[in-house]
Structures are given as structure tokens and as C-alpha cells.
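To keep things simple, chains are lettered A, B, C and D as they appear, and every chain counts its residues starting from 1.
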Amino acid sequence: MLAVQGIITAAEAAAIVGGLQEIAVEIAGGSFPDDLAFEDIHMNIEKRLIEKIGPVGGKLHTGRSRNDQVALDMHLYLREELTVIDQLIKNLQQTIIDLSRENLDLIIPGYTHLQRAQPLLFAHHLLAYFWMFHRDRERIKGVARGTDLMPLGAGALAGTGFPISRELVAEKLSFGSLYENSVDAVSDRDYLIDFLSFAAILIMHLSRFCEELILWSSAEFGFIELDDAYTTGSSMMPHKKNPDVAELIRGKTGRIYGTLLAILTMMKGLPLAYNKDMQEDKEGLFDVIDQLKAILPLFAGMLRTMTVDRERLAKAVDDDYLCATDLADYLASKGVAFRDAHHIVGEMIAYAARRHKRLKNLKKEERESFHSSLAENIEQLFDPVRVVEARCSRGGSAKAAVKMQIEKALEFINLKI
Amino acid sequence: MLAVQGIITAAEAAAIVGGLQEIAVEIAGGSFPDDLAFEDIHMNIEKRLIEKIGPVGGKLHTGRSRNDQVALDMHLYLREELTVIDQLIKNLQQTIIDLSRENLDLIIPGYTHLQRAQPLLFAHHLLAYFWMFHRDRERIKGVARGTDLMPLGAGALAGTGFPISRELVAEKLSFGSLYENSVDAVSDRDYLIDFLSFAAILIMHLSRFCEELILWSSAEFGFIELDDAYTTGSSMMPHKKNPDVAELIRGKTGRIYGTLLAILTMMKGLPLAYNKDMQEDKEGLFDVIDQLKAILPLFAGMLRTMTVDRERLAKAVDDDYLCATDLADYLASKGVAFRDAHHIVGEMIAYAARRHKRLKNLKKEERESFHSSLAENIEQLFDPVRVVEARCSRGGSAKAAVKMQIEKALEFINLKI
Amino acid sequence: MLAVQGIITAAEAAAIVGGLQEIAVEIAGGSFPDDLAFEDIHMNIEKRLIEKIGPVGGKLHTGRSRNDQVALDMHLYLREELTVIDQLIKNLQQTIIDLSRENLDLIIPGYTHLQRAQPLLFAHHLLAYFWMFHRDRERIKGVARGTDLMPLGAGALAGTGFPISRELVAEKLSFGSLYENSVDAVSDRDYLIDFLSFAAILIMHLSRFCEELILWSSAEFGFIELDDAYTTGSSMMPHKKNPDVAELIRGKTGRIYGTLLAILTMMKGLPLAYNKDMQEDKEGLFDVIDQLKAILPLFAGMLRTMTVDRERLAKAVDDDYLCATDLADYLASKGVAFRDAHHIVGEMIAYAARRHKRLKNLKKEERESFHSSLAENIEQLFDPVRVVEARCSRGGSAKAAVKMQIEKALEFINLKI
Amino acid sequence: MLAVQGIITAAEAAAIVGGLQEIAVEIAGGSFPDDLAFEDIHMNIEKRLIEKIGPVGGKLHTGRSRNDQVALDMHLYLREELTVIDQLIKNLQQTIIDLSRENLDLIIPGYTHLQRAQPLLFAHHLLAYFWMFHRDRERIKGVARGTDLMPLGAGALAGTGFPISRELVAEKLSFGSLYENSVDAVSDRDYLIDFLSFAAILIMHLSRFCEELILWSSAEFGFIELDDAYTTGSSMMPHKKNPDVAELIRGKTGRIYGTLLAILTMMKGLPLAYNKDMQEDKEGLFDVIDQLKAILPLFAGMLRTMTVDRERLAKAVDDDYLCATDLADYLASKGVAFRDAHHIVGEMIAYAARRHKRLKNLKKEERESFHSSLAENIEQLFDPVRVVEARCSRGGSAKAAVKMQIEKALEFINLKI
């Protein structure tokens, strides 16, 4: 750009580019003499360049300042990491889709208030997380837009007097936009906060999923068994499996929330433009990125390798309460007003509970005593499969609806960031 | 929709709609008998409807549950408030543009580390905030996308057995999309967290601006005077003006950060689907919305009515340090290597400081002793106007660049949410 | 004090005190004319006093400023509320002790990683919370110490020129200490943050307890049943009991953490002395105090009225894994090295699991094949009562140890704040 | 203890102690073979011990578990670091006292709302921080009490079956108390949260002090100059001094708040007893301790080496507004009612401002026109020294009061933790 704009000559530009290419090779090969005596990587490169090509190397810095260079580095770094993390979430989504397809007949109790409420396809339950992760990926797009602003040319804060072309630099570095205000360019940390907000919501989603895996792995639920690779046991209790990975991921939630709050607190009330406080943006960010890159494949692997205890699940869904709503709907379909239908079902359940009987084992006369429509054979109402299949509207738990949901999911998963 | 789908008859639908319209009039007129004995507004409306049109009113609830209704309410509420808040930010942006245009010749010191660094157009400094608020409005768009998901039809968690058309409901309620998973529909709070993240960043921006207004209002800076309406004084010190409004807004930062943390913490580790904990999402959200709707016009008003002390500003920018960069650039343009140029300027400044002289008052011989190029008349280098005008690349502080920036700003400000 | 110090006459003091007493009666009786036109309660009282006793009422304010008066109000208010909250925690502790005493024979599974680990006396498990609340009450003492600083006499920030006696004021208002620095007196918010830290830890403890109650109430655990007063059901599912209160309290955790963060953020980087930002300390504090005063008795009531399902618990503790540690200890007592003992038990458990047998049902020959010491009758090792009773060292789960623990608890509960 | 209790023989104990002493030497000397293949330091020591003294080394672990050992390590670690940090705060307090004594005649403007309010002794202003740090040290005592609980003997969660003496262990390890409940012993993190709350308040205090140093270092205030060791400049602007250290410390505030919230979030809703999530308590804690140990001496050094610009300060306190309160007090002493006195002073200031005159330069006739008492020579009222000296009540800004304050401070500083 400096040459195109006539700020340096073509020969100077060629020398600089040549020198930088040699330095790139040195860095890649590990032979670059990074000297802490020079303040940062930019100073080290400039010094090395001058060693290689003489004083003209000093022109590398023309029209730039440390402030806008560091801002550029952070933008480039985050842009790259975003695509990595996006891919990792996508892999996790794919795992969810695979699991859903492989278990399309499996039914689990659906809960509200951790109380069994209605039976659900296991696949439907898992897919709820697909859509959370889908929103996370949408959020990455928003972060990417905020990161896609080229800061070079802002100088220390006021811009530069050289007739540079910021547009050309943006183009060469594949930025879609540039900062329209030099002061803003060096004091903006929004894109980092956007990233940490995204990370906080992502780990929140994961913490919910982990909580469920931990519950499901308990002796009391017993719905799943996590693979040994994701649990710890002891030589003494070979069958005891502590869901360490799920717990650790859940435990990371605080760490990521904390980093979000750290940078928000740091930025509170800082006057323009750059203040040294802002240097504290880096360690936390790097840590969160490292954590996410470790957590996401670990979580996907844990999910992929878990086994489901179909017997325990079958027992769990064979529960009268899970069918109560459908019994009321049945009465409503026979013309009973909703609130009345609810009331009748309630009395029937209470009656059966007092007698330690299952609803489906009530005799015709007993059923009839609650409402005449119940005289008919209603046994099929208590079949969890039927209850699930009844929820056939879009987004519902019926198999056909879930298949359509998977189609939708597959459509979305391959959309570009 | 229920009638279109044949779930209820056209006559039933007409009766229900008629009854609801009467109720709407009652609510608007304040005569609606809202009875706390009935759990919530939905139950009260249903009860009133039945009073008006008889048992058919009970069919209002067909295919719905409290869970998906409350979810819908929150989506509709936030959608509406987003447009209000967006407009308030836009008004604030317009105030910044107006102020910038009216003060295109005014120069202030630009700071890094709260140390004077380079002179800036006052307009350029103000416009840095324009772009922060611009990103805030972009963020609103993201929040709006996450809010634009129609939850009705999710039932309590599993969907509904009635042959409803969720697409038709979404269309009637002007939603662009709907939840593809019923469990997700009733347990999603992402859109609220997205909103609170947006709010946290917005108040962070405002806290920075407030900090500057507070600094500028101090006896020591003395750059501005806030209007009486936005300060408090006392009968005793009529000229003392405490920048209460700016301080209060800055003080609200913690409150909004706190609400973001509150909901993130609340959601951590909650198993699917609905848990009562989630009810804690409301008070904090309502409070943040109320705060923002109060703060934004207040802040814009404070900005619009402040007066600038041009004399104090002129004194503040008449400072040798603000020109040091340009002096170095000048030497560089004469062929001196950058790092050497910096060194020469440093020595010259130190020399002048020891003699309590201004750089521009150094004699030719003195200047020459540092570098031959300095023999020339360089007085114009010390003119803040010239220093500002030199930053003429895109996004820089020169007047022409700022004018272009204002053009850009005007383009963006009118983009649709 | 003003009269004692000779700043006003005894007659003036008598008039002022008389007037204030009348005003106190008015306030208590609801007839006090609180007028928003006057900035705050202090101004209203002064105005009313002047109406009553004439211009001498203006001397009420002698040697005071709004800043130190508001500081005093907050100290007095918090001091009072601390004793209320302390008593409420004490009541909750008493409930735990009562429950422990009433259930001294009940055994539950103890968990690590939500995996059953070792059997515990139910009382022992409950008492773990006693000690958390004990530390909370110790923390209240610390908060009280920080609150026990008398600020009056600080003036706006620099102290007062009147020959007041701050010691006398402190004594009259029952303060143990006073602020030794006037600037500190009006800008200190430490005691509020201390209180909010205390509240955050308290609600964290409660959130853990709530989590357990929610788990225990689930169909899968089924250990307890919460009383109807603390759950919600529906007419349709009369036996379904959503543990709403426990969930709501758990959900409040975020709100209280958020308020702690809010005030910490608010105080960050504020220069001395008073800044208007600090006014934001009040609403959040009042809310947390109101929340705690509602939550604590609610929680104690929920605990006191829950019923335990002894049958389900008995089944839950009849689990080989819960005895593995003791089997290893048994081998160790026979001279086997610890790590070896662990290994042997592990192999035995694996062997039994493959054969779907319980350990205690293994035949002598089978047991012997793992280690000769296992030839003896070891059935009693599998008795949860014995396993619990083995933990008889101080602080352990054996009944005798728990009884001693309860003695200790009773000692501590009655210590003065 | 194991030998005293007869759990192992005296000879075994001697062998174990001997082996451990050798290992201690190895660790100190760097020759200890720490092998990552063994899970943690405890396992490595046990293994090494067995290598050295044979199978009896395995008895080291008798009556212990990993859970209670790690808990012990953390208690011992924090106990030690607390005394280090306490000493560092004490050093900082000493620096403040030294500075106060050396500058007992220096006056600075006191601020409220960052507006000049009343003149203060510089020493008085600094000492406000002394008391904040004093409360921080009081807080350390509270943290120390919560840390002073010996957990060993808790086993994994239920206690141990060996006839150990926990009291003896507590005594040998210099603990004042022990956990009375084994489940609590392994799941308590209160003491870490207490520490992080302490750290959050401490860094908040430091952030306020840093903010003031940054303001005072600005060209606009110009009250102080920080030493080169605590600022950065550039070769180009040798007199520009960026207060990097003060900014960095202020910037750390978010990091420490974030760590507090991280652990609070982590603990939310965790069922008893140990969960792997809790492992996340360590990194953040270590980081905060490292940060504080770096920050505290750095801050004290920065304070000790700063220089004060007495000329600038003298100019700053020569400001009519700073004396307004005293002028009103003067009128009050002449019998004018307070509110009236305020009003009169207000009118006089407004009058002078309109005429661009200083109050003290108003002529007798002009003064008299506001109130007859002002006819007298009131020039001394405008002397900042007199204004400061008037605040002579305890805790006030007068020199005598400040000297007494320093006496108090010296008393407190040497109190034992």
C-alpha cells in the first residue's frame, strides 16, 4: 500500500516485503531472535528487518503506531479463532443430529421443575440443544461483524498525516469494513465483549447439558452411562464412574462469566482514547478461547460415546402422570370444557393413588364414575408412544415432527458463518 | 387460526374474537376486573371471556399452555421495547451529529493515559461515541433476531396434539421465524441475555462519556459547563455545579452489569425444560428497560444543552507536546529515520523544558543545533489547526475527514433496525 | 450533645428535643406531612420542627451535613436489619437441629460427584448446613463491626468547625467506634459490600440446599415430599408437586450475586470523597434485605414441614458400593496394604457385577478366591448402619459423633452476635 | 498422631517421619522425582516414601483421603499467604503515614462530585486510604478465622473409622479449630470466597487511589509527578509520563471481581459433598494472590517516590468556593439562621462572579450590602489554612486533628493479625 500510494518507492517496498518473507520463514522455523529487550513483536520484527535490509526497514512503520498495530493483531487473532470455534460447535451439532437419528424410537420423561411432565422422544430432547448451539453460531456471526473492522491508520489516536489508503489495506487483509473514526479504532473493545458474551451463553448452554448428563448418570436416574474416557473411577470402585468431565465443564461456567465481567468492569468509565487498563483484555480472552477449544470436542466426544440404558428409560416413562394431559385432552375432545376436564383427571389420579392402582388398571366402572366418556377402552391413552406421537404439530415431539426438525437442522448446520 | 384449522367453528371464533375485543376496550379504559385470585392475566381474560360469551370462552386456551403463553408475552414485550430503545439511541446519535456540525472548528486535546497526546477536532472526539452507539444499534438487530421466534404451540414442553398451524400464528403476530423445538421454546432465555449484554455494553459506552463530561466539568479541565437542569448546586454555591446526572448514569453501570450476571447465574446448570427459577428473569429485565428509557433522553439532553468554554480549550491545545509527533514526522519527511527523528525531538523538548521555553520560541540557532532541517521556519508546525488538518486520511481528525465521517454517520443513522 | 458542648443552650436543646418527640409521634401515627418538595426526610423534619418551635429549629442541623446524616442513616438501618437477619438464620439453624434430633436413625446415601459414595446419617447431612449457616452468622459479626462506625461530624467531607463531641454522639447512638477520618466517613461503602458478600455466600448455601431438596423431591430420588404450602400442583395432577419455593430461592442466587457485583462496579475507580454514583447503593441493598427476610423463614418452614420417605431411603442405602470403602478398610485391618486392598475390592465388585450378584450374596469360596481374610463371615460389613457407625471420630457420621456435633451446635447457636 | 493413638507403632511412625524428612530435603533441593503419572503430589510422596522405607510407607495414608488432604493443603496455603499479604498492606499503610507526616502543611482541594468543595490537608486525604486499608486488614482477620478450620479426618465425606485424634492433628498443625462436620469439611469453599471478597474490596480501594493519582498526574490537575520507574514515556516525549502502573492496577479490578464471581457462580446449586466443579477454585485464587503480591509493593513504591507540585496545589486551593462554607458558618456565628446564611453567601458569590472579582477583593461597602456582619475585616476567612484549621473536631482536617489521627493509625497498624 505504501508503494501504491507513492509513500515509499517500489524498490523499497520490494526490499521490505522480501525481508519480511525471510523473517516469516525464520519465525515458522523457530530461528527468529525474539528479544525481550525490544518492547514487543513489532519492534523485534522491525529491528530484524533493518539488520537484513538496512535503514529502509525503518520505513515499515510508516503511517502506523503501536496502538493501531496491536488493535489489528487482536482483530486478526479473534477472526481466526472464531472460525475454529464455529467449526467445533458445528461438530457438536452434528453429533447431536447423529445421536437423534440413531435413537428415533427412544422415549424419555420430559421434565418441568425436575418433575416428570410428559414423555418426549430422546431425540427431541437432545435437539433442544441443537437449537441453542444454532443460536450460538448465529451469535458468532454477530461477533464476526464487530471484529470485521480494520483499525490501521488510526495512529496513536488521531489518524495519520501520510496519504495512506486504508481501503486498500482493508482489502488486502480481507476486512469488510474499517473504523470510520481513529479515536474509536484504538479504544474499541466491543468485539471482545461480544465474544465473551457469546462464550458466556455457550457455556451456560453446556452447563445445562452437563447438569442433565450428571443427573442421568446418577444411580437414581440411571438413564445413561458415560464412557470411561470421560469419567474417573478408582481401583476400588470399578463400576463407580464420576462424571468428572461434565462437572469440570459445568465448573468452567463461572470462569467464563467472570472473564466477561472482568472486561466489562475494566472498561467502565474509562475516558478516551487508549488507557493502559485495556491491556488487561488479553489474558482473560486467550484463556476463554483455550477453554472453549478444549471443552467443545471433549463434550462432543462424551456425548458420542455415552450409552443409554433403554430398560431404565422404559421403566421411567411407564408413569401415569406423563399421560394426564392427554387424558384431559381426550375428555375435551368429547366436549368437556378444559378446566372441567383437568378437574376430572385430577380426581381420577387421586382416586387411583389412594388405592395404589395404576390408572390403566382401573376398571370400567371405576373410570365411568368420573365421566361417562371414560367407559370406553382408553388403555391406548396410557401408551407413552401414543402420547409422544400425539404431539405432531411443527416443533412437537412426535417422530414425524422430529424428523422434519432434523431436516431443518441439517439445512441450518451447513450455512456459512 | 383455530377456526382456519377447523379446531373450532367459525361461529365460536367470532364469538371469542368479539369478546376479546370488548375486553381490550375494558383494559384500555381501565374497567377490566383484574382479580389477583386468578393466577395471571391469561386466566383473568379467560374468566372474563366466559362471563361474556359463555362456556365457549374456555376454548380460547385450546392448544396452549401457560408456559408458551408467557414465553410469547415476553417476546412481544421485548420486541416492542427494542424499537423504543433503538429510537432513543438514534436520537442521541443525532444530537452528536448536530453538535459535531456546530463545532467543526473547535479543537480539544486528545488523550491517551489521560495525558495530552495530540489535538483533535472536538467533533471527531464526539463522533467516536457515534460509532459506539452505532454498534449498539447493530447489536439491537441481533437481539431482535433472537426475539423474533414464535413460541406458541410448544405447550408445556412437548408440543400440542391439536392440528394447529404455528406458521399462521407466527404470520398473524408478525414473527419472522418460530421455535423448531418445543422444549427449547419454553426454556430459552437467550434473547433476554442478549438484550442484557447489549444493555451492558451500551451503559459502558455511556459511562465513558459520562466520565469525560465529569472530568471536563471540573475546575481543573473547565472545558464545558453543563446546564442547570442536569446538575445540582446549592443556594450557597450558586456557581458550583455537581454533574449529578452524569454521575448517576455512570453509577447505573453496576446495576446493569449486575442484572446481566443475575440472569446468567440463574440459568447456569438448569436442566430442561422449565424451572421456576426462570421467573426471576422478569424484574431485572423490566428495570433495565426502564433505566435505559430514562437515561438515554436524559443523556442526550445533557449533551445538547452543555456549553463549551472555547477560551479554556484554546489554552489547553496550545501545548508543545501535542505537536511532538508532527515535528518528528517533519524530520522523517526530510529523510531522517523514524527512531532517530523521535530521539531528536525528545532532546529538543528536554532542552526547551530545562529553559522553561516553548518550542516555537526557540531561536534558529538553537533549533539548528538539533538538526539542520530545523533551521527553516517551522513555526506553523506548532499550530494545532495545522496538526489536526494533517490527519486527513479516512477516519482521521482533519476537518475534511470529519465531514466525510459525518456523511457516513448520516447514512448509517437512518438504516432500518 | 450540642447543649452539653455549649454549642446551643439547654433551653434550645429542650425545645428541639420536644419538637422532635412530637414529630416522632406524628411519623408513627402517619400524620407527618412528608413533602417531596423538600429534598429528603432530614429537610422535612427540619422544616416541620421550625413550624413547631420556631427559628431555633434551624439549629438542629448545627455541625452536620446531608452527607454525614445519610451515612448515619445507612449505618443505623443496616445495624438493625443485621439483628433481624441473624435471628432468622438462627431459627433456620434451630430447625436443622430439631430435624436432626428427630431423625437420628435415618440413613441416606452420601454423594460425591452426585454418585453414591458412603452412607450418612440424614442428620449428619443436614448438620453440614448448620455449620455453613454458623459461618454466615460469624460473617454477620464481621459486617456488624464494619457497620459500627459513627460518621456524624464528618460534615460534607472535611469535618466541622463546631466544638462537637463525636464520642458523645457515638455513645448516645450506641456505636462502639467512630470514623477517624472525615473523608473516609462519607465515602466508605465497605460495610455495604461486606453485607452483600455475606448475603451472596448465604444464598449460595441456600441454593445448594434447595438443589438437594429439588433432587430429593424428584420421582427418581423420591427421598422427601415437600408440603403443599411450598409447592404448586394443578387440579389435573394433584400428586405432582413442583418445588416452586426451592426453585425460586435457588433462582434468587443470581439476583444477590448481581447486586454484589453492582456495588463493586459502582465503587470502582471513584475519586474521593462523595460522588453521586454512590446513591445507587440503596435500592439493591434494600432489595437484598427484603429478599433475605422473605426467604429465610420460607426455607425454614419448607424444611420443617417436609416428610421423608423412609422406605425409599432404605432402598437407596442398600447398595454395595456404599460399603466398598469399609471392605477395603477391613482388609487393611487384616494387614493388606491400602492400595492392594483397594484393588482386591475392585476385582470383587467387578466379579459380582458381571454375575449380577450382590457382594453380600457371594459364597464363601467366591470371596475367598479374592483374599483369604474374606473367608470369614463379613455380612455385617454390608449393613449401612454399621458402616455409618464406623465413622465415629469427631465430626464423623456415627450416631455418637453426631450427637456430640449437635451439642456443639447448640453451644454455638446461642452465642451473641 | 497415628502412633500416639496406637494406630501404627512408634517404630513405623519413626520410619515414616524419617522418610518424609528425606523427601523434604529432596523437594527443597530440587531432586524429588515428581512424576505426572501419579495423580498428585500426595501420591508421589507416598510412592517415594515406599521406595525409601518399604511397604510401611503405605500407612502414611491411614485415616485420610484425597478429599481431606487437598482441603488441608488449601487451608495451609491460604493461611500462609494471608500473613504475607497482611504485611504488604501494612507496609503500604506505613508509607501513607510517612507521607502524611512529611507533608503536614500541604493543602489540597477536597472534592465532592469531582468539584472542589473544601480545602483539606493533603495528609488528611491520604489518611482516608489508611483507614480503608485498615478495614482490609480487619477483613483478613475474618478470612483467617474461616481458614483456621482443620479438615483432616473427614475422609472422602463421612469421616474415618480409625480412632484418630483430630484435635491432636489440629494442634500439631497450629489450627485453632476443626470442622465439626465431615461433609462440610470437604465441601466448604467459604474461606476462599471470603478471601476473594476481601481482595475485591482491597482492589476497589486501590482503584480509587489509582484514579486519583492518574487525575493528579494529568496536565490539567498537575498536582503530582510520578517517578519514572512507575510511568512510561517515549524517546520523543521525554516529559510525557503515562501513569501505566496506576492504570494497570486500576485495570486489575475487573480481573479480581471476575474471580470472585467465578467461584460464587461455580458453587451455586452444587449438591453435597464434593463435586469436580470445585477444582476450578484453584487457578483463580492463585492468580489473585500473585496479583496482590505484585500490586501492593508496586503501589507503595509509586506512592513513596511521587513528588508533589506545591505551586500548583497552592494555586488550586486559592479558590473562593473552597471558603463558602466557612463564610456561611461565620454568618451563622453572628446569629443568622443557617439557611439564610447559605442564601446570603450564594448571592455574594454570584455578585462577585458577575464582576469577575474574588470575594476577598470585594470592598467593605459591597460586602456590607449583603449583611451587616460582613462589614468587618473578613479576609482571614479566605485563607485556606484557616479553613482547614477550623475543622478541628476528631477526624477533621485540622493539623492537630490529623496528628491525633496519625497517633491512632500508628496504634492500629501494629495490632496483630
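FYI, contacts are C-beta pairs under 8 Å (C-beta built on N, C-alpha and C of every residue); 3 or more make two chains touch, one makes a residue touch a chain.
Every value quoted in this text rests on a predicted model; they were computed, and no experiment measured them.
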Touching subunit A and also subunit D, the following chains: B, C
Pair joined by the larger number of C-beta contacts - B-D, A-B: A-B
Subunit B and subunit D, separation of their C-alpha mean positions in angstrom: 34
For subunit A paired with subunit B, centre-to-centre distance based on mean C-alpha positions, whole Å: 25
Interface hub residues of subunit C, defined as touching at least two other chains: 112-114, 215, 242-244, 247, 250, 253-254, 257, 260-261, 264-265, 268-269, 275-276, 325, 339
Sites on subunit C touched by subunit D in the complex: 55, 58-59, 61-63, 67, 110-114, 117-120, 124-125, 127-128, 130-132, 135, 138-139, 142, 145-146, 153-164, 166-167, 178-185, 187-188, 190, 193-194, 197, 200-201, 204, 207-208, 210-212, 215, 250, 253-254, 257, 260-261, 264-265, 267-276, 325-326, 329, 332, 337-339, 388, 390-398, 401, 405, 408-409
Residue ranges of subunit B touching subunit C (in the complex, touch as defined): 242-244, 247-248, 250-255, 257-266, 275-280, 283-284
Interfacial residue positions of subunit D with respect to subunit B in the complex: 109, 112-116, 214-215, 217-221, 234-244, 247, 261, 264-265, 268-269, 316, 319, 321, 324-325, 328, 339, 341-343, 345-347, 349-350, 353
